[in-house]
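Both complexes below contain chain A, partnered by chain B and then by chain C.
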Partner chain A sequence: MRRFVTVAWLIMRKDLTVEARSRELLFTTLFFAMSIVLVFAFGFVRDGRPVENAAAGILWIAIAFAGTLALGRTFERERYHDVLHALLLAPVDRPAIYVGKLLGILALLATVEAIVVPLIALMFQAPLFRHPLLIVALLALGTTGFAAVGTLFAAMLVRARSRDVLLPVLLYPITIPVIIAGVRGTAALLQPEADPAMARMWIGMLGFFDVVFITLSLWTFEPVMTE
Partner chain B sequence: MSSAGPSTATLHDAAIDFDQLELSEVSKYFGRRRALARVTFACRAGEVVALLGPNGAGKSTVLGLAATIIQPSAGEIRYGDHLAAQAGAPLRSQIGMLAHELQLYPELTARENLEFFAALSGLDEARARAAAALDWAGLGDRADDLVGGFSRGMRQRVAMERALLHDPRLLLLDEPFTGLDERSSAALAERLSGLRARDRIILLTTHDFDAAEAIVDRAVLLRGGRIAGMATSGGSLRERYRASLRDEVEGAR
Partner chain C sequence: MTQSAPMSQRLFLPLVAVAAIMFAAAPVFIAWAPYESTMGLVQKIFYFHVPSWIAMFLSAFVCGVASVVFLFKGRAQADRVAVGAAELVVVFGFIGLMTGPLWARKAWGVWWQWDARLTMALVMWMIFIAYLLLREYGGPGSEKLAAGVALFGMANVPFVYWSVNVWRTIHPTTTVVPTLAPGMRGAFWWCAVAFLLLYTAMLMARVRLETQRGELDRLYRELDD
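Let's look at the complex of A and B:
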């Protein structure tokens, strides 16, 4: 188990080191997420008053779209120079490679969310910080569920020519429950009368989805990666 | 350059050791395209075997299969008494591979690349091993430069060190002399001779017959995914290769 954690940490640290040097994924996903928020702000805020419940939906659309962009690139560095085969040849539990890649993408999306959430709070006058722990829990679990499936699909599609098209086509139908739970849980906290009990119920659902998605991904990663 | 390598200490206490790689009736299909057809041969410890053949003959596919990163469609590959599917990570800890694509991160320095792969292999003192490996490659003074700025030959030397970091029993080399200057080629040949003397199994593909001549013990000719007869005597490796290929073409008419 210790070795598994070490390998996942090594993969994540390597991904973050590469990203810190290129800032390629961070800047593109951040720009994309902020553009989504700003475009929707023009559409859904009239005379300084946002459409009811719009903020929750736009927050999760921004996460899903920016996440898809990041996930589509997560195995690109391994693909370009065929480093993926060197990783697969390393004497490690292959699911640890998956976990390392997942942690790297989660760190990236957490950074994007740290900027997008205050932006949405500002543009839509949404009380996103009224229940900070519940919002953090919704974001953390929702992003994990989305990225868990996305990382597996990105790995599956790494050798496919039409991977950029196929990734969202495969990813969105599977992760619809996560997006719905995230939107409904967030909306429950953004109502004039916040409903923390409802938000907790959706947090529980997200936790359940995460366990199912991560377990299935760990089981399937090795066979998926073997040609 | 001496032939001694780093010590073999890894976290894989149960690392599998073997003294022979054996392919039996191995076929491989990619979709409907047949890449290999019933390929059978063996390589023993202390032997350098060259896989020769024209482009598209299936040489790199054989290396991928031997590296366990591709599964055969039929037949079996044995590492001593073990099958790849049963052995997993402990077996992979005994395999080193230099692929045609050099499998290095261009955004990382040479030192960072080697440290990363040393740590993945569970080697102790990854930093010291990476430094020693870079000295071997003659790149000690470029250790902190990004690999993306290296020439093909320099990247080839770093990739070679990555393949050797964990002192594997089986070394799979796809065109190891590509991009190397004369001095580096000679140093690599000397290194491979040293590894052969230490009972490593070396399977390589090459089109550089001059560089390989001095170190290759035996050659296996592949053509169209099948094993073809390779002359064992009668001139240099290049002459034997050309004669065997000519015989093969004439035989097919």
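Let's look at the complex of A and C:
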């Protein structure tokens, strides 16, 4: 168990060190998320005011799109010099590799969200900080669910052809519950009369989703990654 | 070649014959069934619409179970069943998605509603299209990856069902839920059995095709060595 944690920690640290040196993923993902917000603003702002519930939808679309981009890029890195191959050859638990990659992605997405969420609150006059704990819980659990499925899919697509387009094609239909829960939960908190009970119910579902899909990913990582 | 292959081959023709006879007779039973009081003639599409969804969800389940067996036991036969079942999910789902809007246009006045059940069916259908896209364009080794996707798709069913239901209950819409009158039951079950027989026959034909394709590949490889 201690070995498992050590391996996961080392892989996450490797990813974060590479990222800290180049900052490629952070800057590109962040700017991509901001571009999405800008594009959607033209669709969902009428007479200078955002339409109802637009902020919640735009926020989660930005997370989903930027998350896909980051997932694809982080595993593209592993393809250079066959790093993923070398990782899989290492005499360590394969699920530990999955956990390490997942933690790295989550750290990156958390950083992006820390900037994009206040930005959306500012630009769309959304009261995102009325219930800060619930919003943070929604974001944390939703991002974890999205990244849990995404990390497994991106890892297994490393060997596949046309992986760039296949990742979103596979990822979005499977993560529909996360998107619904994220958007509806956030919208419940942003509406004029906030509904924390509704948000808590979606948070509960997201927690359940995370547990089921992280367990499934740990279980399937080994057979899926074995050639 | 597996042992069950000759048995399934002997069953195949009778199965197709029974399904064909049942489909030929189906319009008669559907015509005999009483008219639904509010919807009239359009309600008759229900006799083909619901059985195609039943076949689709059964096929999704078959694909999920076969994928788990393939992923953890590595049996090639399971993978053949999985790909056949996934294709049939898309085929029967397509029938459902075509007949549904035809009915909805008359009953609801719109082609599509973001109703819980419609959304759920659409999401399931799209997961299996993604599965087939991965197999088609993923290159060598993609059958194993696709098995993972099918497993995730199956695990996703309760989550999609639940979240879509809650999402739609927040903004309820009046829907016309057809309740089955006694006179309609016979025709409905007749059609449901006909669809399931057709489904079984198609799946058997598809698995046989995959098996022979595998056998051909093996022979080519033997020749090369």
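Methods note: the second predicted complex is superposed on the first by the 225 of 227 C-alpha atoms of A that agree within 3 Å, B and C clash if a C-alpha of one lies under 4 Å from a C-alpha of the other, contacts with A are read in each partner's own complex, and residues count from 1 in each chain.
Throughout what follows, a contact is a pair of C-beta atoms (placed from the backbone, for glycine too) under 8 Å apart; a residue touches a chain by one contact, two chains touch by 3 or more.
Since the model is a prediction, treat every value here as computed from it, not as a measurement.
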Is A:F213 touching the first partner chain B, the second partner chain C, both, or neither of them? second
Is A:M201 contacted by the first partner chain B, the second partner chain C, both or neither? second
Kindly classify A:V224 by the partners it touches after superposition: chain B alone (first), chain C alone (second), both, or neither? second
Touching A:V169 in the superposition: chain B (first), chain C (second), both, neither? second
Partner chain(s) touched by A:V158 [first = chain B, second = chain C, both, neither]: neither
Applying the document's definition of touch, where does A:L88 land relative to chain B and chain C: first, second, both, or neither? first
Would you sort A:V149 into first (chain B), second (chain C), both or neither based on which partner it touches? second
In the superposed arrangement, which partner chain does A:P177 touch: chain B (first), chain C (second), both, or neither? second
Looking at chain A, which partner touches more of its residues: chain C or chain B? C
Going by the contact definition given at the top, which residues of chain A touch chain B in one complex and chain C in the other? 227
In the complex, the residues of chain B that touch chain A are 10-12, 15, 64, 67-71, 89-90, 92-93, 95, 97, 99, 101-108, 112, 116-117, 119-122, 162, 166
If we count contacts the way the header does, which residues on chain C are in touch with chain A in the complex? 71-72, 123, 126-127, 130, 133-134, 137-139, 141-142, 144-145, 147-149, 151-153, 155-156, 159-160, 162-164, 166-167, 170
Could you pull out which chain A residues touch chain C in their complex? 149, 152-153, 156-157, 159-162, 166, 169-170, 173-174, 176-177, 180-181, 184, 198, 201, 205, 208-209, 212-213, 216, 220, 223-224, 227
Contact set on chain A toward chain B in their complex: 3, 6-7, 10, 14, 17-18, 21-22, 77, 81-83, 85-93, 226-227
